[in-house]
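The two complexes that follow have chain A in common; it is paired with chain B in the first and with chain C in the second.
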Partner chain A sequence: MTLHDFRYPAAILALIICYFFGDTYFISLLVIIALHSMAAIGLSLLSGYAGQISLGHAAFYGIGAYTSALIALHIGITPWITIPMSAVIAGIVAWAVGPIMFRLKGHHLAMATLAFGIIVHVALVEMRGITGGPNGMGGIPPLSFFGTPLLFDEDIFPLVWGVVIVMILLSENLIRSPHGFTLRAVGAREHVVPTLGSDTNKSKCLVLIISAVFAAIAGAIYGHYIGYLSPGPFSTTFSVKLLVMVAIGGFSRIWGVVLGVIFVTFLSEWLKPFGNVELLFYGALLIFTMIYCPNGLLSQLGVVASNAARNLRQRTPS
Partner chain B sequence: MSDLLQLIISGLMVGSIYGLIGIGFTTIYNVTGIVNFAQGDLAMIGAILAITFYGLSLPLALAILLSVICVGVLAAIIERLAIRPLGNSVMRGIIVTIGVGSILQGVAISGWGTQAYSLPAFTSGGPIPVLGATILPQTFWILGTTVVLMVGLYLFFTRSYLGKAFRACAINSFAAQIIGIRLNNIRVLGFVLSGFFGAIAGIIVAPIALTQFDSGVAIGIKGFVACIIGGFGNPIGAALGGLILGIIEALSSGYLSSGFKNAIAFVMLIGFLVWKPTGILGELEK
Partner chain C sequence: MTSADTSALLTVRNVSMHFGGLKALNDVSFDVIKGEVLSLIGPNGAGKTTMLKIASGAQAPTTGKIAYKGTQIIGLSADRINRLGIGRTFQAAEIFDTMTVRENVMTGAVAREAGSVASSLLYWGRAKQRVEKLRQIADEALDLVGLGDMADLPAQDLPTGQQRLLGFARIFATGAELLLLDEPGGGLNAVEKTRLIETIRRLRDLGRTVILVEHDMSVIAQVSDRIVVLDQGLKISEGTPEKVKSDPKVIEAYLGTSASTVAPKPQKDQPAFRPVEMEVVDLTVTYGQTVAVDNVSLKLRTGEILTILGANGAGKSSLLKAIAGLEKPAGGTIKLRDKHIAGIPPDKIAALGLCLTPEGRALFPSLSVADNLALGRYVSLKRKRGLLGILALRQEDRDEIDAKREEIYQLFPILKERANQKAGTLSGGQGQMLAIGRSLMNDPSILMLDEPSLGLAPQVIDEILHKLEHLREQGLTLILVEQNASAALRIADRGYVFSSGRISMQGPAQDLLEDPSIRDAYLGGDDANTQTLRVNATQ
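Up next is the complex of A and B:
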């Protein structure tokens, strides 16, 4: 029996403790962490398990945010319905883009996804009539629960973390399923998969759709939570930030990725008083992680800690 | 008609910058197999260093020379510290070079802040009218420098011993090592060359475009698009692709909307990647 067997109850307990004992600032950070986690978990399925890099994931986050907000604003449907609708739309976009993207590999795929992200961002900026352009659009209706609008961080906290837990559960099920096995095989040795009679492209497209849906749900909730959208948060910077979180968390470790999001978010909060050193720090951290901890910074630190503990135990005479 | 000429000239000018950046991509890619996402940031550092050296009241030519050498050394350090320990993984290579770019931007922010800087034009004098179009003297500097660099690179690759060793490593690094070429030195050479080309591109465009910490990002991506259009890994292809991209961008910003100009490069990128991934001139045969 290890912590791993109790990870869900432990996580929920930790969240409940944070919810009742954290101050407003802490809770608002945790809400942002939850939203980023949703997108990062999807990216981890795509880049970590299936080994397909994406530098344009912010596009799906943006598509989710804008479609949900626009439908809720103009047709007046409750966000509870527009959020799943936006997820479906992002899924359709991924379904359409996937077969084109996955004709490419490696650097070419990275650049094509980067281009996709930039094209969506330019579209958000330039379609002034619909999206409000660089000025953005406000007045997005908030989510409400039996007539009470979920305006404050404390109100939305249980919802976002509930969604994160469900997404983790779904992802872990997917990874264990036969589909997940194919996915991991694609990530590990792509050329072997067709010899086993599985279609690599089909499983790549499937995981792209899933990760797009996760990102879109995150974006949609973000829009209704903030109440105002501008193209800024959906640029390539966010795509790269997501990749940083996934890389630090260890790519193909769902829980590690959540820890990566927590780590990066708190780090950037701590670095805020020091001005513009954030970029410098991210870069150094990324290079260090990639060279010395290919399985993720945090898991490597865990290994180092347990080795140190073992050495200490061996040294003390028993 | 004069509008068209004006657009084509500005397209050629911007296109030669893209081409130079694109060549920087190919010199690294050919010997390391890594696409350097920090390529544009090297150009930015080059420009900012030249501006700083000039600000220390060095003569312009010396400031430029010093800055180009600094960026070359910087690129060699990047190869040694960040790229060589990495091995062959594509995804890790991409992420590390993104990290390098982020560090370069961070250094620029910490050292020079977020404001934009400019370099004086290399020669004074007003715009020169040609067939109804007006050309800035700096345009001649940009086009001339590009042509000289291209010819120089061609001669280096075809005539010099080092250039031939470089090409041998690009074509088959294993065989090149067997006949006694030190691959690690050639990899450093690839980065140094890429740093030179990046820095020069950043410096010659600095008098007409402002330079700030993040101005390398867009130019870097466009340089990559130039590579894809011309054929990745092919220096002549990169130059050609840059010119084509520059002209198409200039024409579309003249006759379509300037806002969508940025998207056109990326639509072309996806189009080429999907339908003609080897580019116009074909990729380097490995």
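Up next is the complex of A and C:
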């Protein structure tokens, strides 16, 4: 438990150091990492702890981004209010589609979530009158803090990481709460859960709503931060990328997922010169992880490291 | 017990469950009295687990009613039924292996102590108190089953016996008053069984009511207040353990019908002088911590029918799977003629002429009867011609399949009538014939059959057994694993009786058939034996 308590201050300290000593490029990467972490943490609750695969999580990210931007643009409310509004809307969408999707299991559920992701993406492309279609929509008002717009990476950095820390805290709370037990039980052996008096569908819908809200908040902040939205970033590719991040982080490890996001983000930066070949690389990485490191690439590396350390300690006389 | 009995906690009335043509339960009625341990017993396929599934809401019966404390529970969801007070365990322990022992049990209590989602996310005072409460409930339940010391271990590290007890603690924590325990004794050793018995008694002493489905008769005899016996979906007996054990109908259900039309045959020649086809030496098969087959040695002679008998969980199927290469033995050797086959892959073993017709038939339900048979030939065809040879069948191969199929049709004429019908639409008996036929398509020299009589009517069993005799006359060697001991011994040359993974008796089929002590292997040994085990375990 001591290690557990250390994580928050250690993370905050590391962030502060990065904030003051990192260059602009590094800071902008960290902002992207924070936004992706929010969505990935939610997906980890859904696919990791509760064991319900989602290949359409980018949809909630997109719903959050577009609803918040549209409300802010057309009604002129401050993003501080439209972001929570978009989260609520995404939550309502999840509440509505959850009971339908969770009639399915396994491969069929994966197909349904994939279809959901594609439907939302097509809607973003085709509803030209509202979303601007493939041309996108610009002029999205930025978040502002006491009159100062948060335009630059340095400005938004404390906000996005603050939100990530809060989401980690909420997720860890959920996991150790009574609801968390049911979630994990659904993930481990779903058919046993009804015999213990809990409704599996209720549990799954609950976690879908929570993960949708997390993704929507990430998407909404992304929209106000970039100032311009097009459907591209909300396609199935992003859903798969999120799943890769969660898998590498070890599915059901909240902190591990953040490390997974960091790993994949830096990797995709290095792979940028290769263009679309990066997708091939993700595929290979995912297969490797699933076969050899079912608890996550990074935690497997951790196991290897701690074994090596133990061997070293045993060799040195105490 | 009459239905007027007011102390009945659960009343089951005229419950039937039909799966297509199969009547898994047929008009079953009984009462469960508050505070008793009622055992539900019967041979494989009797409908016991189906009964538990219906009573716990996992399945809805075709017809019939079940009331718990006067409330009709048919049609309610499984989680509702649990919250009313009925808890069920599974045949496998089904523990949550990603959690610790304590967390497993805490999960059981969540339904009554969950609280709001908001408090769970924020983990303020109330949620903390609730988790503390769950922990208390869990620790009490763990102490009850004697796992208190292991609360913080990962649940998957527990041996099978303790995982079962963990399952008990978990449903105990749900607060259920009526506990449905599905084969808790399966795969446990003597010491573990003693703990199991003590735990069930303790649950009863705490005022819980138990319905126990179990195959181990020594467990049944020690904990049951009353017993209900099912056979092929029908209730055939009910009463105290003593009464049930001596009920001729029960004995017949377990050992098979004595009115069989298959007459025992005098041995034509002494099988002991025939050459040994296969020899198994010191074979051991384990599943994790559970020892299914324990140092078994046996011989199979050319052209005989060898039958392997024993109660459910005695290790018969595991033995066949090990021989067929489907389970890797933990120790021992298997010699087929002069070749060691232990541990080599199943398709290589099949290529040597050793075929297994598995329990439950494993047909391809969406393929026609003719195609199912052809598939039996494809394996050897692929070996001969490669994948391309199957994708584009040569005329000679086609003729060969047709000729072989015609042989099968001669053996089982009904299959010819049904040749273009989907295998899924066959009756149980026809399905079994098709499964045997498919194995024969491969031209085996040894055919192993795992419970071919399972769920079949006596006349159909007789017909199939006659066919097996016919196959022996044609020179096939057979291993027949059966629960229906009388029927199997009537056609077999020799038999081995398994109990708890070991050979407890062996000899010529005729001798075994007349030996009264074979009943003990099925209906439980003498009580003195289990008493000594108890003493040893408590020391």
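Basically, the second predicted complex is superposed on the first by the 304 of 318 C-alpha atoms of A that agree within 3 Å, B and C clash if a C-alpha of one lies under 4 Å from a C-alpha of the other, contacts with A are read in each partner's own complex, and residues count from 1 in each chain.
Everything below uses one rule, namely that contacts are C-beta pairs under 8 Å (C-beta built on N, C-alpha and C of every residue); 3 or more make two chains touch, one makes a residue touch a chain.
Predicted, not measured: the structure shown is a model, and the values here were computed from it.
**Student:** Counting only touches as set out at the top, which of chain B and chain C does A:Pro178 meet: first, second, both, neither?
**Tutor:** second
**Student:** Please tell me which partner, chain B or chain C, touches more residues of chain A.
**Tutor:** Residues of chain A touched, chain B against chain C: more for B.
**Student:** Tell me which partner A:Val240 touches in the superposition: chain B (first), chain C (second), both or neither.
**Tutor:** first
**Student:** Applying the document's definition of touch, where does A:Thr195 land relative to chain B and chain C: first, second, both, or neither?
**Tutor:** The second partner, chain C, only.
**Student:** Does chain B (first) or chain C (second) touch A:Ala96, or do both, or does neither?
**Tutor:** After superposition on chain A, A:Ala96 lies in contact with neither partner.
**Student:** Which residues of chain A are in contact with chain B in one complex and with chain C in the other?
**Tutor:** The overlap between the chain B and chain C interfaces on chain A is empty, containing no residue.
**Student:** Which positions of chain A touch chain C when the two form their complex?
**Tutor:** 170, 173-174, 176-182, 184-185, 187-189, 191-200, 206, 210, 252
**Student:** Which of the residues in chain B end up touching chain A in this complex?
**Tutor:** Spelled out, the residues of chain B in touch with chain A are 35, 82, 85-86, 90-92, 94-96, 98-107, 109-110, 114, 217, 221, 224, 228, 257, 259-260, 262-263, 266-267, 269-270, 273-274, 277.
**Student:** Spell out the residues on chain C that touch chain A in their complex, using ranges where they run on.
**Tutor:** Touch list, chain C to chain A: 56-58, 77-79, 82-83, 87-90, 94-99, 103, 106-108, 110-115, 117, 119-123, 127, 130-131, 134, 170-171, 174.
**Student:** Which of the residues in chain A end up touching chain B in this complex?
**Tutor:** Within the complex, chain A touches chain B at residues 47, 51, 53, 55, 100, 103-104, 106-108, 110-112, 114-116, 118-119, 122-123, 125-126, 236, 240, 243, 247, 275-287, 290-291, 294.
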